[in-house]
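Residue numbering begins at 1 within each chain, and the chains themselves are lettered A, B, C, D and E in the order written.
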């Protein structure tokens, strides 16, 4: 089921975005509308994904991980969502594309898999039909050819009897199987980028391990870059090359996984790391981050983590931008001080 | 499909007690009605002796259980007896009248569907706009309007003033299919408002729910055009809802037909049953009620079967 | 009409009632005659306007003695099934009326002792007692001649739905509550010309407005048994002819005068004085009927000169009578009434009029069938508002309402003197004498205020101008054999 | 336990339900409610407001067209249509209320009971409900009215009986859902009695969709009353009922066609108002839509 | 653990089934364990392995179809319905989903007062005072008490949930996935709270979790469940670091860890396939269809649960081999972890 280079649209080949990034998100802002009006959900989100790389996105529930992904895919209804900024994919700014152009990119160049494998597949079509549909949507091939590709795709995600499984409806599949189908569907057109939004959260650990393994293997084989969204730091630590941490609709820290986890610079990342329970760790002494994420309508004007931050200082009430040092980003007024303190305390 | 076959069998098994209970309910109700068919049978200038004679002749003096049992036994052999008042075989009465009612009901369903479904889709895809509000308001109107009143107004406007349609009557669908449709148009129109309204509402909300569900996002994420998402996946997912609504409406349409048939002088079972119930024409009421109940149950069964073919989840859950 | 009758065409008739049966002796309702007289000829006929008896299948009839009637029959009459009509057939029919379990004419023929074919075309009927009403009875259901062969062929002798007579039209089909189709009897005994029509289609439409509409919209030629509203509407239209003829049906309220307030003559009379019949008739029949205190139309030969206007509208007198009767504060009358709109409307007006003098009606609406049960059999309520009438013979009209055996006499009592007066009307065959006796009986009923008569109804019909020579007779039983369609 | 906290003042929770805010958020419901309030007032104050007595006949002036004297004309007995409409409003509300009341009184307890106990009782009663539901409701209502006797009250009792199974079914389904809710489980864990479970947890949570259905049923009942009156089962002369007025007007449709409109529109508007209110309550009660 | 006092919970060979004949599911199948008073007993397993069912049956919320349950020596199922209702108050469950645990029409305070109302404790004012005190104990600010459930966050609801479970002074608390629905930072907070409450009130916990880290962090001992059976029981730390059952080992290895590079390098056991259908369980050892070590006998003989090392019960034919491996490689492994 190889796809010849010629079939690939221009976006992918003309890889001209800065620093060789496949996807480059720049100052992304997102406003959503609900009953009480517009609210800013994402504020100045910037990050890059390089070809073939796996980027982990972590953060607590509601920090805007999914919204970032959906903004990239432009899957938010325009009536209820406003995006600003730049989302550069290859040589195009996705935000400037027409709906038609965008739907050609979706599923073909960027695909996405979702958290809930239970509800992410159309219950009234067989899984085979849903994969075939994807193929037919992007390639001018015969139905037969599309079928073959679909079977191949199911085979490649480790489904033992792909022909039989293709005849089944989603409801007769287990969660793990469904997620495999989702992956098969996402990868059948061999996209350059796969956005995986908490693909294993609803699964058991053993199945989670299978799925993660499969994702990594496939992405390596096909050279697909992955944006891997999760709230599980450990998963990121095991599976990703680089990571960003989000908080309150902003990216607050980013860099190579090993570096960030070894020497977290933002107090929030530190807090997250310390709150993970472990066997043998003295009970009752987990390092919890006090307080809660403020509501989107009541974000502090300065650093958004300031009210919960153990290192909060008056300067933290000023707005803070993101700083780039080497291949790491950090959004904190006091990161340099804190790094030194840490160094001293060590 | 394996699951479907099983479901049909199960439903058929359930059907038997339901039908027996249903016949019992009607029999009991008709029995409880005060008044005596013997009085009517005896005629305008009857004497009391004659009435007693007739009572014995027809077995009205037997206890309830005997009469019911007798009837049930015959009904099991498809013998519903004869009308007390016109001596017509009930089965013949039904076979002559049911087609008229069915034509009306299905015609009304059809009219309701071709208006309600597009309106529902339109409202759902334009959710929150003026158009949506206008359509939902229209739907409310459709539910609130008394059918027979609408029928009367339709008759006076379309039939009597403009002479577009015949005011009354019916033509047998078997003798003159086009004529039958022509005759049935006004009454079906009067009946259909409810179907239109309910379908509009339900299609709208079901489609909204489907369109906001997770898998729609998946479909769009894999590059499907909005039109394909709506027409292929959205509609297929609400098909079960539409069918279910149609099934429920089927029953309610019979209800409305009772009155609308009399306004339009349609010789259907609706007018027959109300007329016979008032006259305590046991065999007719019984027979018609039984046939209606079987029809309703059968249609619901059909809806379930179709649903389970359309939607595998239904097959699994039953 | 000046024009000469034309042959051919199908007359489409709308009528509100499904016949109960097309067997004359098992049917029971007056509107059945819409069809019965088309299918069957009776032994004796009558004039539509005067109800004067005429020869029909019996060329003549004679009282050999006060309890023996001899009929001479027409020769050469064939039933629709081509079996001959003769004395045997008459004997068969009359015996059937007496013996058949489902026969509703048993009481009509009650006094018949023997029926004999005294010749191929002569039948002799012997009675237990003189009965002047018998010829009239033979013009009605009991006299309608059915083909004996058809009865013998039918299962259980049940020919309700397979009528074979000797009338002008033969039966084709009866779709219950929908349509009855009849075709011309090609060998009708009254001549090769008659009937003029090729076929008759009687469409049953229960709803009167709807029925009337079939004529205005051209779907039918005639609509029968309409109400005043439809006549009023039709009269506005140029190409619809609406007719209303006073009929033998009258509106009244049956009393249970065996008990309660209505056992008191003064209360009954008070009610009669309190009723403004003219108004009532004007509103309900739009002036097409005839206000009366009697049970017959004024023109009818058995109706006396003083009965119809015996109780003028006199509320003062009514109040006085009530007070005399011991009800100075008014009286409550438990009233039963039919639930349909027309009946309710009538009840409301009557109630309103009576209330002016303090007679309060407590109305319970009941279905017609139920009303008989409740009022006449269970003997609940004081009075029942209902139309009635259409008896072939005046004596019968009294007998069936006021005799102790009559179902309508809910109290089952006869006032002193009633029985003698009734029997006198039955036992004389001299027209003038009988008329005199009937006047006396009528006055007895009126003076004793045995019921609350209101007005004579009118047989109402509408038709298109193409329909010729159609009349809706005084019995409200149309005959179609002389009707013709102007097809020009 | 720390007793210090006992004195901690507990500030009032979030704002309670307010009709005013509800109405402001939903124009249609506001309109409907206003209409219904006017209707109720009209019905209650009819003796003072109505220009004429509803039963006062004037047969010399029957079927009059609308005029300054009779705004909506007169009926077949010369009674003032407007006055009858106003008095009829009371009957209309009484009729719908009675029918729905009966339906609730029968349907809700039965539904809760069989849903809660389950087992063969549920199975058996559900079959009976299925059987009754297979009847066209008006046919059932006609039969029951026949058995009870003619009259507005009896007709509406019949409609109530005919609707009860619908409510019972909804209630049963809801009960089944709520019965398995975690909070019911929790209460069982605290040793709650069945009565307590039903009263405190199941009923309040299961009744929601029924409340909506009830509002919608009010409209259906109103239409049913008209229908039954049309079949001469609901009249109770000389009292005014809209259905009865409509049925009566129908016999004069060709003489005085305008008589059809007043009661027809009264029924239409009232049914519309009930529906609008029902829809609004549906939104109001929907926990996923936080309106107020 | 003192042996004098009877066990808080003593389960012997308990079986719980659902459905009948063809739809029969043995959700819990012949399980035995004991929980001492004041102990935190962790139950680990994948979804559908029967953890919740076990927990519910252990405190008498569902009646087992076989085996025995004793609460401090008392058989709750021998009690009358009334007595059971009273008894049950000492054995509470806190369920996984805090969002569904509250009647949406009752304020938090009302919900917390309800158990006392049912039990007939005190008058309204007293109940209210105690409820507020309890809410304070779980660090829920009193101004939240008059709110409705949907107006609270998941963490806050879970606190209220705990408060409600505690107002009747229970002895045993089944904590069924109590932190699964919460974010990490809140989860840490809750775990601390659970620990503190256990200390303060001397509670006995059955701590159910599918998250190995969570369960082993808080528990004294853990039981590993698979498909209705207990595979292994032992001290938390020991089961985590030196699993004696291939399933425990696989779980352990599947659980991701934040030790950046090392983790990637670590040899991971990825189990093949998924939990088989509950309607037709595999013969022999239930785990053999997925077990990397499975041999022929595993599909025929069901391994018996035995005590290999004092306090460690295992049901696997190869348990002895696994134990031996630790005896050899134990030292080396420990060295590895330290560096």
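Operating definition for what follows: a contact is a pair of C-beta atoms (placed from the backbone, for glycine too) under 8 Å apart; a residue touches a chain by one contact, two chains touch by 3 or more.
Computed from a predicted model, the values in this text were never measured in an experiment.
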Both-way neighbours, i.e. chains that touch chain C and touch chain B:
D
So which has more C-beta pairs touching, B-D or A-B?
B-D
Relative to chain E, the most remote chain by C-alpha centroid is chain C
Compute the distance, rounded to whole Å, between the mean C-alpha positions of chain A and chain D.
52
Roughly how far is chain B from chain D, going centre to centre by Cα mean, in whole Å?
23
Averaging over Cα atoms per chain, report the distance between chain C and chain D in Å.
47
Touching at least 2 other chains, the residues of chain D are 146, 149, 250, 253, 290
Give the residues of chain B that touch two or more other chains, as numbers and ranges in rising order.
33-34, 262, 278, 280
Give me the residue numbers in chain E that touch at least two other chains, ranges are fine.
none
Considering only the defined contacts, which chain E positions touch chain A in the complex?
46-47, 153, 155, 183-189, 191-192, 195-196, 199, 210-214, 216-218, 236-237, 240-241, 250-251, 253-261, 263-264, 268, 270-272, 274-275, 290
Complex contacts: residues of chain D adjacent to chain B
28, 127-128, 130-140, 142-144, 146-147, 149, 219, 223, 226-227, 230-231, 246, 250, 253, 257, 260, 264, 267-269, 271-272, 274-276, 279
Touching chain B in the complex, chain A uses residues 70, 73, 75, 79, 99-100, 103-108, 111-112, 114, 116, 119-125, 133-134, 137-138, 169, 171-172, 182, 185-186
Where on chain C is chain B touching in the complex?
18-21, 26-30, 101-102, 104, 106-107, 158, 160-161, 174-179, 203-207, 210-211, 213-214, 216-217, 219, 366-370, 372-374, 377, 388, 390-391, 396, 400, 405-407
Show which residues of chain E lie in contact with chain D when the two form their complex.
59, 61, 84-86, 88-89, 91-93, 95, 97, 100-107, 109, 111, 114-115, 118-119, 129-130, 132-137, 142-143, 145-148, 150-151, 164, 168
